[in-house]
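Look for chain A in each of the two complexes below; its partner is chain B in the first and chain C in the second.
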Partner chain A sequence: MLSTTISVLIDATLLTFTLALASLGLAIIFGLIGVINMGHGAMLTLGAYFTWWTMEAGFPFAAAAIIAATCVAIIGLALEHFIIRHFYDKPFETLLITWGFFLVTTEVIKIAFGTDIHNIPNPLPGSFDLGVQQVPAYRMLLAIITLGLFLAIGFVFYRTTIGIKVRALTQNREMASLLGLDIGRTYKLVFVTGSFLAGLAGALICPMLSIDPYIGMVFLVRAFFVVIVGGIGQILGGTLIGSFLIGGSETLFALFSTQTFAQTVVFALAIIVLRFRPLGVLTSATRT
Partner chain B sequence: MKFNKNRRTLLSRRTALKGIAATTGVAAATLAAPTIIRRASAAEPIRVGVISPLTGAWTVYGRAHASGFELAVDEINARGGVLGRPMEVVLGDSKTEPRIVVEQANRLIRQARVDFLAGTFSSAERQAGAPVATQANKILLYPTFYEGQEGEYYPGVCNKNIFMFGPEPTQQVWPFMEYMMNKFGKKFFLIGSDYVWPQVTNLVSKRKIDELGGEVVAEVYIPFNTPQYDSVLRDIRNSDADIIFHTLTGSDTVNFRQQFVAAGMNKNFTLWTVDDEEVVTSGLGPQASEGTYVSFDYFMSIDHPNNKTFLKSFHTKFGKDALMNTVGVAMYNAAHMAALAIEKTGEVSTDAIREGLEDLTFDKAPQGTVTMRKLDHQLVLPSFLMRVRKGWTSVNDMFEEIQSVTKAVPLDARCKYPLQ
Partner chain C sequence: MSALQSTTALQTARRLGVSESGLAIVALVGFALLPIFVSGYTIYILPQYMLYGVMAMSLALLWGYSGILSIGQAGFFAIGGYIIGLSFKWIDFGNPAYIAFVVAPCVGAALAGVLGYFLFRAGVRAAYFVLVTLAVSIIVEQVAVSQSQWTGGWNGMYVPRMSLTLGTGTEISLFDDGPIYYFVLVVVVAIYILLRWLVTSKFGKVLLGIRENEDRVISLGFDASLYKTAAFMMSGALATLAGALYGTHAGFVSPSLGGVLFSTEVVVWVAIGGRNSFLGALLATIVVASLSNYLSAIAPKYWQLVIGVVFIVVIIHFRGGIAGALGRSGAFGKHKRGQDG
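Entry: the complex of A and B
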């Protein structure tokens, strides 16, 4: 019984961190500057494909992941500069634009890379023996990297001038602008950072998954649930709690029921949570 | 006066209907963007409507699916066609959606005026296309490994106009059950995607497991597009299963297997899949696939003179890196056997093709000799159990043969006879 409990906890932790990694880019773009980025899935997919492509060209995995994330950041920059920045105060339009971006990107990927399933070898084979169960080494690394990313973002957000600017912007845009903050540049910075993190997430997750044009789509809905359940704008704690509720809890339910039922219950639960905490678990209803 | 008035309304209504029909027709044709391959010839061609998943979720299988049929048609035309008439393929994209299959089947029958249909990929697609074919009284040649025929699913199965060229579970799974149990143990963990093919395949496989004194320790179905398998892997780890019997499909296969191998579980369990042919195994890569057992009626690596000839012409037409698989070969056999059937009866009608196909034997099939059984329209074919070779580099050295039967005779389909 104890070993099952520990084993479930390990699984839940790994799942939570993986989902948190996949949702982080969305949490930043959606949570901080309010762009409902339906293109998040495409950014994950691009990250995965660029990683696969760079590795085919002979680069090691770590370099490929960085290159892939950078390429996605550049695409994010172009998207922001040429289109998104003209629509910052129109959430519905940005939703359609980013959805269009998703559709176009998916088709372009099919044309450029074909529709075959690709894969890259596990960059860190082997596993750690934690007594009750073997934990794949790469999953451990992924959890550690995710934790590192969260700490780094926390540091930037709460301990640097850039962080102060971003927080000022999200709290009161007019006032921040009156105080001399360059709104356009800060928005751009946030959007590109979010794109970079989405690309990086795609790169880091793809060794565990099939690399096909829909790899990002699988995470898109889950990522939105994570951000909304966790609380929009709560990029650190919110994303982690959201990831646990959407990802980690699935493994708990699966203990007592079938996989299909567990996935259904999780989404139903998410809706119930939103009914009573419409602004997310971490955002109190009194805040406007 | 009254008569005239009525006549006018009638006329105008008819014109309006015509207008609507024309508009819909044009719209459908534009949307569907048909690819019509025409070959110059004086004789009126025999037209075949081929419905393949060229886009959408099952695109990975679509290319082999369509090219198998096209290759056979090329061969048929090269030797002078059928009854002196060339065969012509009219290709329709199913987009992997049953709804589109209905549109395409209608378009192919009514507009392209094909003589018969071949294709559709998943069982859901076949079930969608079958009523259209039945209503128009056209033959449908179905190529995919599938769950077998149960009377209650008529008209998708047990249909006198539908012929099955792919293996069903009593051909794909049963012949190797004894070997697997003797070698690896009697406890099975069944894992599959949550739809009809895995569920019925498991149901049929369980009968054989029971019969041989084995035991199913768990039976798990996974919703499509599940990215993470931690809890399933935990269940497998905690079960005392010997063999994981695997019917996951598409990208879920790859997701599951990558994580299964990453957790080091391939060392402790034997994995037997009835879904992962050349295309999916290529997608898995050597690391995630080696040591796995796979069973099908066809593999690119089977050692048969027919297969050598077949692969040579396949690679000449589609390039040396093109992938073939069980479904593509079934389409290839379907085209050749339809041509033989027409030649045998000397006529291109639905009744003649049906009569010609029944009890027809084709000894040039890439996997050996195959026979279309008259009783339930199920192809009797060879079946192979392969193991994925360690450190394979391409489809040519991907599988090593473990066991094979040259003639896997299925159980009689659970249909009302004679087929309706």
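Entry: the complex of A and C
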């Protein structure tokens, strides 16, 4: 019984970090500049495909992941520069446009890479023995990388000039702009960072799954629930707590039933949470 | 200023409405006479596109008239399809199709009611609602795949063609494509008229008011969340009903009918046709679905891409879709940009 509890706990923790990684880019773009990036799933998918493609060309996994994330960041930059930046004051239009981006990107992926399923070899085979359970080494590494990314973002956010600028922007946009902050450039920086993280997440997650053109879709919805349940703007703590609630309960329910059923129950729970904490579990409801 | 704007919006709608009725009658006559001139595959496939059109109109009610976007309409549509399939399987008295036509809208309305209660009561942002409806679509597809003992899983489910039974024991078979074409046409026209009546009723005016300025409607004493929930229930019920009729017409339902891709396609149809016009949504659906069918045979790879690009262009440049562009061109009076949010 005890060992079951521990292994569930380990599973839940690993899934929490995977979800947190997949949600980070979304949380940043959504939380800081208010763009509901429905293209997030497509960015994950692009990250996965670019990784596969670069590895086919002979690069090692680590290099491939960085190259893939950079390519996605460049695509994000183009999207922001040519379209999104004209619609920052219309959140609903950006939602639709990024959804269109998802449609177009998915089709382009299908045309460029085909609809066949691709697999890339596990970059870190083997497993750790944690006493009660064997934990795949790569999933362990993924959790550590995710933790590192969160710490790095926390550092940039709270300990650097860029962080101060971004926080000033989210707290009071007009005042920040009056004080000489270049709003347009800061928005661009946030969007590109979010795109980079989405691409990186796709690259890092894809060795655990098979790559198909819709790989990002399920992550899109789960990531949104993570962000909403965690609370918008609560980029670090909120995303981790949201991931834990979504991922943890999914692991728990999957014990008693099928994966599909678990996911359905978790989505339903997330909707119920929204009913009572519309601004997320970390933010107390102050909305009138 | 805002009150003035919404009056002009209403007037425009009314002026558009007059000419829209004329167009609707022309379209109806055209569809009614069509089986005289063509037959075969066209007559078989058109009713399915018309039912897609009903789903599009149910979305237009939400998106165009209430300012709420759902990308889960296909989820409701698929639920309807499965309900009629199960109804034929399980019910051996009366007319299973009739029972499905009662049960399906009730299930759709109940599901929409529960979601609407949870979301609109909490006053969540419009964007959250979009995401939850997206989740509905994903869940319906996943449940349809996993509960294969009922739904047949990936293999889908076969549904017999219905027949019309009258109280006196006479039975009219709709097995042939001709009779069911007219049956579907009558249902679609009835739903169209119902929707047109609905948006000119007090209920519809409150919905328009919510779209234009929700806070003002609330301060006028209306329970906006109740109206939005009711609109979503209406929309869910119609999409589910259309799905049930589709199931028996197509004879087959599969999980992808409820999937995200199909849900998205509905949004694209409505965006192209014009979210503020039921006729625009209906006709755009029929035209785009026909074109899809035709062009996906010629250029299967690129057609979806074209749809995606058209979608982005419509969102950026033609917020009112084709019907809105026609309205703006002067014939139907001035149509200000930015009113239809």
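In this section, the second predicted complex is superposed on the first by the 281 of 288 C-alpha atoms of A that agree within 3 Å, B and C clash if a C-alpha of one lies under 4 Å from a C-alpha of the other, contacts with A are read in each partner's own complex, and residues count from 1 in each chain.
As a convention for this text, contacts are C-beta pairs under 8 Å (C-beta built on N, C-alpha and C of every residue); 3 or more make two chains touch, one makes a residue touch a chain.
Computed from a prediction, not measured in an experiment: that's the story for all the values here.
When both complexes are superposed on chain A, chain B and chain C end up clashing with one another.
By the touch criterion stated above, A:Gln263 is placed in contact with chain B and with chain C alike.
In the superposed model, A:Ile272 makes contact with chain C only, not with chain B.
One of chain B and chain C touches more residues of chain A, and that partner is B.
In the superposition on chain A, contact of A:Leu181 is made with neither chain B nor chain C. Within the superposed three-chain model, A:Ile164 lies out of touch with both chain B and chain C [touch as defined at top]. In the superposition on chain A, contact of A:Ile36 is made with chain C only, not with chain B.
Judged by the touch definition given at the top, the superposed model places A:Ile74 against neither chain B nor chain C.
Contacts of A:Pro121 after superposition on the shared chain: chain B is touched, whereas chain C is not. Of the two partner chains placed by the overlay, chain B and chain C both lie in contact with A:Met217.
When both complexes are aligned on chain A, the segment of chain C among 61-69, 97-105, 151-159 or 223-231 whose C-alpha atoms clash with chain B is 151-159.
Shared interface residues of chain A (contacting chain B in one complex, chain C in the other): 110, 217-218, 258, 260, 263. Listing the residues of chain A that touch chain B in their complex gives 4, 7-8, 11-12, 14-15, 18-19, 110, 115-122, 125-127, 133-136, 138-139, 205, 207-210, 212, 214-215, 217-219, 222, 247, 250-251, 254-255, 258-260, 262-263. Within the complex formed with chain C, the chain A residues making contact are 36, 83, 91-93, 95-97, 99-101, 103-104, 106-108, 110-111, 217-218, 220-221, 224-225, 228, 258, 260-261, 263-264, 267, 271-272, 274-276, 278, 287.
Interface residues of chain B, counted against chain A in their complex, comprise 55, 57, 59-60, 62, 194, 220-223, 225-228, 230-232, 234-235, 237-238, 250-251, 253-255, 258-259, 261-264, 279-280, 282-285, 287-288. By the touch criterion stated above, chain C contacts chain A in their complex at residues 69, 71, 115, 118-119, 121-124, 126-128, 130-132, 134-135, 138-139, 142-143, 145-146, 260, 264, 267-268, 271, 301-302, 304-305, 307-309, 311-312, 315-316, 341.
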